[in-house]
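Each of the two complexes below includes chain A, the first together with chain B, the second together with chain C.
Take a look at the complex of A and B:
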């Protein structure tokens, strides 16, 4: 308890430092800045400063197997090394291949599941819960489960054996040690886990469809196919773009299934860019090389993601305009 | 069954307690351990310390055995050891992270010796020479390669307590089967037994590779019998390569010797035998290889020595008593046969340069790795320390755990132990090797092309780290006996 509170009146001269701080913070011109300063402070600490440090390190010549004090500026040498490194481009290409294949399937399957569940009347909640379970699993657990499923004597090969044997293939497919099969195994594991997310996004999109438009189309004689292609699908475009953007952002960072299933192998056949960066920095101690590679990847992915977001905004605007026009016509 | 299990567990517990319980007596008989204990007590007294906690970044393989020794050390000195178990793949990055952060969060690092060159150069490891001069550890009976692994760039940074040099184990019941022996001799003209060379091993693997449903030597194989097993997965293949190469990987000026007839032949030999291994071998690590060997579905396995203990001790093992330990087969290096058992992993103890109590940390390490306590560690029922020094041979606990036959083979094998690459950038050099070996095994490239690419990759790493430095420490290591071979 301070002197100021004891005498109950104490003017500024007699207030303790805590009370003076409280009074100062309570002023209107100061108080309104508090949330801004807190948020920006955190942003500065956890995003801006590390990001600036990454850029700074990317211009240094530094492996962590030498003390940081021995690092020196080397201009764009790291960037040059990254851009001429075959491993960087191969892992980047592989990342786009994995992400492209996985996200495409996730969108299609998620959309079909959402459409089916949206039309189901009985047991809808059970279906929704079931389809969301994979997404709720910790990726490490999912990865471990798949590592068991993919054993060459494991359940997947046993399940497939009637088909593979009939087709004349070796029923013991090397899911985790054959370069091509391992890539498919990674893609499938990602599809299994993250179709839940696209399902959820599309389901919310279906749920938000304005019934009056669909009823109006029906009254005007449109059949189910016409309603789907001419009314529902255009209105679902924002949900589709959201699903593409969110899943692509995540899939391009694919790391967990790689570590859990193949560790990038055999060789580097399943190494994604995230795993490549981790390896360069944390296994090979090439901090400045890794920083330069990270900055380049950030630039590349930002272009893609901002294009996606721009598409998203444009789609939203178009839908809003359509709805406004529909409203004004009425 | 449950009753038998309880009895076995109780016996194991009694044995473990007996080993631990006899500790103070044994320590007194071992001047190295006793000096460490006395040193720790004196350190505590001199610094007026009553309670000290030392944090150990522990290889998680030792989470069930290390605490017994930590408890004993606390009883002897009052120093508490708090272990933080972590998977061995994650430890190097934690150590290197500490070199940047300099927190002193860990006092002792426990990892493969191969982390040491990078960590020592980064300044995160405390040189131990000053303490070693004061407390006088004993490295007698330890093969040169293991002794040399404790040093880097002329300074001591660690203590080793593990012989992870790869060896070959065969199925004794098949080797001793008269019909199999006769048939093998008729087919090859050779006596069946531990193969003399890698080529002989592949010949045996080919001969014994048996499809499911076949009947041979009066045995019907319901499951296939694979001719061979070995580590061929990512981050593991390279650990077997020196056994096939049989020499120094670089010349005195750090020019790679991989792109030579010797290197190409080694790549081919390592890849060729894969055809007799389980189809999925490139995806297998220890968790798959050990149980598969225990299931009796392979004729031979090249692995860490502990696979022999696993085969004998695992309750579900079908190879118990049916294992024949062999010294590593020779490879034809430049026209003459040489045996090289690569130290594929290993267990080292290092002191953090930023520890508040580096001397105290050192003293614990000296005590743990001393001849008497080290023997008890290797004999620990739940430990993964493998025999590696001559003193292990006469120890009853170790003989009881591993068998005399195995001990003799593994200690003979230890004499051929060669280190992997013990210079800065170890993991990068070895990953380049690993990736290209995988490509050859998968038929994506030829041994000749791979050798050329590996040579280029290794040269890039050497230039990137600094050729002068690499040449200097490489020469030092060769001279110190890290690799058996000399220039």
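Take a look at the complex of A and C:
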């Protein structure tokens, strides 16, 4: 990169150097690396340099209301503060709780939907189009929609009112201001939006099942249940792993529905780690604290990220091998 | 092997005549229709709220259809000068319209998606043809996408808002801040959409056989000529799909936009959020109208590229 920029900026635009630059750029070995260098340059400038600076800031003692010049080094103080902070650990735990609950339901519902749609002939295209719409919706808009539905005098309470009045409750359940109900509300909003993704992944998996294996099993006398558990399910394993990895990575980032629905409340009962960090930095201006916390969160998450990527690579290799083995003699 | 999820499996078609009124079929359809209702309900509720006047926004029991349908919400968000036009109602006196945010959103998404598409396509080309960056580069580039955005947002916030002004002041003597500017957001969006561009374009470019290019090269075409006349036409549709896909993603992006802009620049999701907090007062109707306006273009785009999305999310499970 340095050579390219030096040649590009150095010297007046005379014929000689410019032609030499073009010749140099035209070389095979240089040409291949130009896009790579440009893209890595973008990553360096926008993500890597800020992050290195953040590591530096995490060792400072600095709040945004004081000028940067007055910040001074304070060793591991910020890390100590983060690790001994109750809110940090609680929000981290809550993040995993939300993600775990939501992803479990998304996997189950998505799998059942995909199985049903796979076996359906009539109306297949309509079902697929409808079920994929939530995924395309802007998450903030989905959050807004649910904030309308969860209103104390909203349609959800109206739909539930025959049950609640029969049980002797007040039909106006306060979905967003009761700690437990708010957590369930957030989880359901996530399930509503992201079941479409698991559905899509599973449906692709079902469509890729090789019919000859299933036919062979049927000829050998296997019944429906046996075919499902012993032939289809093992073949769907890659799809299941992909769905789990992709959805868990996304669910752990949960932020938009929380801002739209509860803003972390009531109290901090729906605060996830993303919302907690955002609040510390954006609302309370605790910059060096936030920097230390982001570094810690990245370290914790990178274990998950590496596991996820490793699983994805392994599964996609397996899928390729499977296709080589089963697809050759159709 | 069925390549297309829209095509029913041969097995299902064969059984169809045998068991048209099978109990299983009815249960299956009942389940699917129930979920379809669950899926459509929030969207329907937003649509019908956007046609309600302020008195009907919150009532008990809630109105499932607007009793007096009105276009006031849309008038309010699309009027340039709200106070003069007199569409600000008693309950909703804050004058505002969405033109500023709409322009910000369109400019930010278009530029960031275009630049990311160009950079990413060329990198995908070199990865596919020359294995630039090593064997596992195509997977490792996805890692950027897996980092929680908050961990990107906080460093970039400090970088844009404090470090860059501080550095430019001490070096050039003027404060230049990227915080709350379109350029800052565009730069960040380019970086976060590049992994997807590379990932999707790789799938499309891998399909173009290298032999065609090789033939052109042997016949004496230059490298750029080969790319322009042979590779680009073959992957053009793929580029359109990728562009729409990352446009949708950037259009929907919320956390980074919320963190890096206030108060001048605001994308549409940020604008919608402003009226969610108690400080500005909830404007259910105009919010519903904004939500509808944000949603319609992306859902149309999404349905257009649905088939390709299906392919992209199948991670090689389906044959291309």
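In this text, the second predicted complex is superposed on the first by the 286 of 330 C-alpha atoms of A that agree within 3 Å, B and C clash if a C-alpha of one lies under 4 Å from a C-alpha of the other, contacts with A are read in each partner's own complex, and residues count from 1 in each chain.
Everything below uses one rule, namely that contacts are C-beta pairs under 8 Å (C-beta built on N, C-alpha and C of every residue); 3 or more make two chains touch, one makes a residue touch a chain.
Keep in mind that what you see is a predicted model, and the values were worked out from it rather than measured.
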Counting residues of chain A touched by each partner, does chain B or chain C come out ahead? C
In the superposed arrangement, which partner chain does A:174 touch: chain B (first), chain C (second), both, or neither? first
Name the contact category of A:83: first (chain B only), second (chain C only), both, or neither. neither
Name the contact category of A:262: first (chain B only), second (chain C only), both, or neither. first
I'd like to know which partner A:21 touches here: chain B for first, chain C for second, both or neither. neither
Partner chain in contact with A:30 - chain B first, chain C second, else both or neither: neither
By the touch definition at the top of the document, which applies to A:68: first (chain B), second (chain C), both, or neither? both
Touching partner for A:233 - first (chain B), second (chain C), both, neither: neither
Quick check on the superposed pair: does A:279 touch chain B, chain C, both, or neither? Answer first, second, both or neither. first
Going by the contact definition given at the top, which residues of chain A touch chain B in one complex and chain C in the other? 64, 68, 151, 172, 263, 282
Which chain A residues qualify as touching chain C in the complex? 26, 31-36, 38-39, 42-43, 45-47, 49-51, 53-54, 57, 64, 68-69, 109, 112-113, 116-125, 127-142, 144-149, 151, 153-155, 158, 172, 192, 196-197, 200-201, 203-211, 214, 238-239, 242, 249, 252-253, 255-256, 259-260, 263, 273-274, 277-278, 281-282, 287, 290-291, 294, 297-298, 301, 305, 308-309, 312-313, 315-316, 319-320, 323, 326-327, 330
Would you mind writing out the residues of chain C in touch with chain A in their complex? 1-13, 16, 28-29, 31-32, 35-36, 38-43, 45-46, 49, 58-62, 64, 119-120, 122-123, 125-126, 129-130, 132-133, 136, 139-140, 142-144, 146-159, 162-163, 166, 187-188, 190-191, 194, 198, 223, 248, 251-252, 254-255, 258-259, 268-269, 272-273, 276-277, 284, 287-288, 291, 294-295, 298-299, 301-303, 306, 309-310, 313-319
In their complex, what parts of chain A are in touch with chain B? 63-68, 151-152, 170, 172, 174-179, 182, 262-269, 279, 282-286
Sort out for me which residues of chain B touch chain A in the complex. 92-93, 96, 99-100, 117-119, 121-123, 233-235, 278-284, 288, 424-425, 427-428, 431, 434-436, 438-439, 441-442, 444, 464-465
